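Sending over a structure as structure tokens; questions will come in a sec.
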Amino acid sequence: MNQLVRVRRPAGRGEARSGLAARLREPTQVVFLALLGLIAVGWVLVAFDGGQFLTMESVVGIQQRSAALGIVAIGQTLAILAGSLDLSVAYLISLTSLVAAEIMAGQDGNILPAIAAVLAISALVGLVNGLVITRLQVHAFIATLGVALIIKGIVDHLYDGPAGKVPESFQLLGYSRIGPIPISALLWAGVAVVAWFLLSRTRLGYRIYAVGGNEEVARLSGIRTGRVIVITHVLCSLCAGIAGLLLASRLGAGAPTVGTDGGYDLESIAAVVLGGTALAGGKGGVAGTVGGVLLLAVLDTIFNQLEVNSFVKDVVRGVVIVIAVAVYARRGMRRSQ
Amino acid sequence: MLSMRGIGKSFLGVRVLSGVDLDVTAGEVHAVVGENGAGKSTLMKIICGVHAPDEGSIEIDGRPVSFGHPLDAQRSGIAIIYQEFNLLPERTVAENVFLGREPVRRGLVDRAAMEEATARLLDELGEDSFGPRDPVKRLSVAQQQVVEIVKALSIDARLIVMDEPSAALAEHEVELLYRLIGRLRERGVAVVYISHRLREVFDLADRVTVLKDGSRVTTVPIGEVSSDELIRLMVGRDLGTYFPPRSAGAGEVRLSLRAAGNHKLRDIDLELRAGEIVGIAGLQGSGRSELAKAIFGAEPFTAGEMTPSRPRSVREGVAMGIGLVTEDRKAEGLALRQSVRDNALLVARAVGGAKGRNGVRDLLERVRLSPPRQEQEVRYLSGGNQQKVVLAKWMTMAPRVLLFDEPTRGVDVGAKAAIHDLMRELANDGMAIMMISSELPELIGMSDRIVVLRDGRIAGTLPAGPTEEAIMRLAAGEVA
Amino acid sequence: TTDKPTTATQPAAPAASASQSAQSAGTGTQSKFFVQADFDAQLAMRSQTPEGPSDKPWEQAIAPQMTDTAKYKKDGPYHLCFSNAAVNNPWRQVGWKTMQAEVGLHKEIEKFTALDAEGKDDKQISDIAELQAKGCDALIISPNTTATLTPAVTAACGKVPVIVFDRGVETDCPVTFIKPIGGYAFGADAAEFLVEKVPAGGKVLALRILPGVDVLETRWSAAKVVFDKSKVQVVGVEFTDGDAAKTKSIVSDYIQRHGKIDGVWMDAGATAVAAIEAFEDAGLPVPPINGEDQQDFLQKWKDANLTAVAPTYPTYQWRTPIIAALKILKGEEVPKMWNLPQPKVTSENLATYLKPNMPPLHYALCGCEDLPGFPETWGGKKG
Amino acid sequence: MKRALPILAVLVVLLAAIAVANPFFLEPAGFLAFLKRAAPLVILAAGQYFVIVSGEFDLSVGSLVTAEVVIAARLIDGDESATWPVIALLIVIGLLVGLVNGVVTTKLRVPSFIVTLGMLLILSGAVFLWTGGAPRGALSEGFRVFGRGGLGPVPWSVLILLAVGAAAIWLMRADFGKTLMATGDNERAAALSGVRVDRAKIFAFMLSGLAAAVAAILLGGFAGVSAQVGQGLEFSAITAVVLGGVVLGGGRGSVLAAMAGAFTLEALFTLLNLYGISGALEFTVQGVIIIAAVAAGAIRLPWKFTPRKGDAHAAS
């Protein structure tokens, strides 16, 4: 029999850390600070190189370049927040770009059916991912890798090169801009805002954090965790489908390798963790991911301006990602002490 | 309103509950008592849809129900305060309180309403040290317990299960809890109340159900039992008789501490002698486990002296011949998916000792593991047998000092006696033993000397066979 | 605003003009990439004598139809820009180094800005847009894929003189399109050699890298035409992904299954040595085979005294765009379709192409021997 | 052995199916050729097994293999006398990469998924930066003999495979293996039993790096220098290990089963090839089989998510 009374523990840790300094230490702020720092560094480097850094074109370029990755990374953020991850997005992007371009076949009238078909197929793939993970209890890594292989096989079997044709009107999505802001960036911003809204203002969002934070706690609190994971995967795949549409509009056709060439699977995961979202789930958010994607894009722009070759880029990216996550990990450790 | 009949449940082949009946009526406070591991929490988890019973039936208002998910129970108006914390450290208090049931307005979560409701509930509990927007990771254990209570209250439930809600609360918070329960009763809400503090049971309950070894002993109105009777019903035998006889006397000093301390402990002076069992008492959070881990080298001392030497790591502790039977077997003691043999040999393998490898079978027999199947995964063993494997693990290296932290928590009576016998046997063989226990009868029955901790310091040392009162007084710091 | 070209007149996809005359016997249906007219033209070009200095094949052109460039005439110094598809294989590596060295030859090029799209269509589209803003006097583009880069190239045409090389685009807006004769000639060269060397009824294995790449598709479709008309038997057409290990395994499997393979056709030379080794490891003589002008293959050819041929897709074509750009900016006329000669390495001229001091993956027809920094820049050793 | 039975059964069925389509497979030469082809993947799977069973991932092995082959070619540059020093260097590099992966994972507490993803980028970038974009130099005959040649009729790679397999099985039976397994199962309990968990994990990563070095020597030997030699091998290796019933998250599964998983994967490829499944659809079949195999394994056992680390409040 436990007859001893637990004494009240001092509420020591509760000291208010709401000052500006503390806020700036949150991962989301860190990534944006890093972004500002990188822009400053880039400015100096490019100036030394005799160039001009943030010209109108390079600002447009940064947005254009990051839109597709940004949209995929938003979806990936949802999956990772829920404690899962999705390795099938790259192939799904290829597939949906083809579906879109094939159905459109250059006809304006086919745009809506094509969009509907792309979203339906994406949702279906997400559903399969989610059900394999929750019902068949396959680890997300293997489940989505398996689904990725399945899609790859189908795409490679059916297509051996770019196919379909996107009508002019739909290509506006990929090329038009309002002042310095491309439509594609607006689309990305739209997806980000929707995801942010979802995460911070809807029950589903709260549940995603709960399931990723601790699945058992979520279950005991009356959350149907399996359902949340399935829905999250559907949303993640829908984002990949939207990215597929965007790429189809940029390329004017569907391409069976557009997703893998872009490395959207691992790169989206990298962008998410760069933005401070914990790979284990339950911690982080969309804002950080946007910062992470922009960071990678600005890095790219600097490399572009300095004409650094792609091998240096890979090395720098690898180092940046590991260091960023190490910094977040240290922060977490210090706080929990 | 709630009626359970013949509930039975096994985990991995170990029977935890059998044939339990429980009736709760509206507006009643129904206490459930029993020893550690009697099955109280398991029964509650069945009520709340966490576990499905293997047998038996549950009726609510005369209608049979079967809960496949905690959500189903919630929808039937059942709320629970779990014994283990069920909070998300990264989320705010309000988000935790309304987890899974966030109020929505026009499809969107109504943060304001959520925070307001949380603030109101915190107010009712007289809690003003934190607010609805504080992240849970910044709260103390007591504050987290308050959040758990608020979480259960926020469900407008007809039946609230409280599994040791007061364990981490301070006196005035317990008072508030009493008042709250009184109000619930007036509203016709039924409360199932689990506590190890019999005073609370007598203060609050209308009826009490006693569980022992997974079966119901009896259910009686609280007026018809005395405190002593209740204890007898729970324990089922006369206390004190089954503890092995104490040893004749202590031998050489195996380990001594002088003014030792670390971030949690201060000025610890302690000697452990061969052949002696030293009991460590103290309130939850007084630093007992810390003391064991510090001596062992897992959270080393940073100040003071320790002879023969001060270990800076687990390996140094082990090399000095110190072993630690941790308080949480599953999280800290065993690799559950490995075999009995591999677990028993873990220490020997980790430190490269050749001792005991061939004698694993003998060792397992010595710790009375029954039956000693070496290739079985330990997760299939009962709690008592698992604890015996942990013991065997340390015995492979023939330690000079063995530290036990809650060695019989969640262990059934038979295994408990076996462990007690074994501890005494080891002491008689010349080992120095330190034993932490929250069960005072056990501590009193086993120890040759009891050291009481309070707030990380030694509050006093008592000779063999003190009264529970004497220990409590030292532990709580009431000046005599 | 839009960065998108407003032209609605894009030429029909090649599929539409795919010839119906190509037989679908023997090796299955003809590729949708096959265009009979181009096929005929390329095969004819092989025997035509190119115009221009014979010691500088990268300046030569076959049957050029000159186009006037006076409107682009401009005073130097010049700023040239280059959107590169990728530098992700040895062929592109050698070419890229050659191009940079060529730039170094010309004082009038004040600045040379190059962006690497890393094999990503989407990035190349952005790169092209970004380059247009850098005040380039001429834009050189090596497209990553034909169809998907067309809109971006079309857009660029409106702003600067555009020079496209290697892969084409589906628009004739660039001032000039530079390429060797082409894939049909490559494929046919190799296939004709095999048909000549392999006895009637002999078993030929065709190894391809991957489907869908136009410059590779044309090679196979030409070979297919040749094989279908011949008496050799094509026992298999396999994709190797350009992976040496996979190539070797596939060839070994075929040797096992058929007991004997009498000829090997390849659409690219990178894995030719692996294919040869499969025969060596099986203890069999190496049958007639084709490779490309890579040093390791040429070396093997010489060492093992193979019956072989190496059609080429010369890397010296990377010099031509720079030369063309300068010509255009100086207002000199250039061929609209700049067909470079596409020599093949045979046993007779093997010795002239084999350069033992160059790395194994170096392409012999780099045309870089006279450039500064040779051979170190290309990874070779002096001496 | 008992744990490896299901996957061994699947393997036997696949091998029988191959033999039906290709009787040559039953002859010693045919079977040895299969073993030789499978050797690099099996060795990689064994290395990956150590990392996975300790609860981590190693995504860097594919680019490590490529890097090793490219480095070997550049350093040997056709010079026979450089063979052995370079082989030694490759092994050191493999161990070193593993060391870095392990140290960053354990000491800096970066999830191994991210560490090895970063390492993948760094390796593939750095090595081509060094060689100027494409492999250069050449491997010596002495180097290539391990992947091409043999001792009489038995290929060297098969002998090396046997040695590696035996060593891996021995390691898992030794103290190291048992403590590594316990670490993957319950890191905290292992640490409190005196296991140096960080060191065990670092060693596991080093074994994976070593396996990649050996696989690189065999692959480079088999087919010569190429920039794609290691492409996608990390996923194949992880797939093979998982196919063998080893659970991501650690603490469960046998190394024999992991290696059998690699053989099974290789047999599957061979079979699909033999039965003329289109090269592309091969991937689809592969994907379905992987999901099905893991699902079947998971459903039989009462499967639970591995407890998440770092929630201090779950235990009362």
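Letters are used for the chains, namely A, B, C and D, taken in the order the chains are written, and counting of residues starts over at 1 for each.
Here is the rule we go by: a residue touches a chain if its C-beta (ideal position, glycine included) is under 8 Å from a C-beta of that chain, and two chains touch if they have at least 3 such contacts.
Since we're looking at a predicted model, the values are computed, not measured.
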item: Higher-contact pair (C-beta pairs counted), C-D versus A-B; value: A-B
item: Where chain A and chain C are represented by their mean Cα positions, the distance between them in whole Å; value: 37
item: Separation of mean Cα positions, chain D and chain B [Å, integer]; value: 44
item: Residues of chain D engaged with two or more neighbouring chains; value: 133, 279, 311-312, 314
item: Sequence positions of chain B contacting 2 or more other chains; value: 87, 89, 167
item: Residues of chain C touching at least two other chains; value: 87
item: Arrangement of touching chains [line / ring / star / complete / other]; value: other
item: Contact pairs between chains, per stated definition; value: A-B, A-C, A-D, B-D, C-D
item: Complex contact set, residues of chain A against chain C; value: 55-58, 60-61, 64-65, 68, 159-162, 165, 168, 171-172, 174-179, 247, 250-253, 255-256, 258, 261-262, 304, 307, 309-310
item: Sites on chain D touched by chain C in the complex; value: 22, 24, 30, 33, 37, 73, 131-138, 148, 219, 222-229, 231, 273, 279
item: Complex interface listing, chain A residues touching chain D; value: 83, 132, 136-139, 141-143, 145-150, 152-157, 213-217, 266, 269-270, 273, 279-280, 309-319, 321-322, 325-326, 329-330, 332-333, 336
item: Parts of chain B lying in touch with chain D, wherever the complex brings them together; value: 83-85, 87, 89, 144, 167, 296, 298, 314-315, 317-318, 324, 326, 328, 331-338, 342-343, 345-347, 349-352, 393
item: Complex contact set, residues of chain C against chain A; value: 1-4, 8, 13, 33, 86-87, 113-116, 118-123, 125-127, 129-130, 132-134, 145-148, 150-151, 211-214, 217
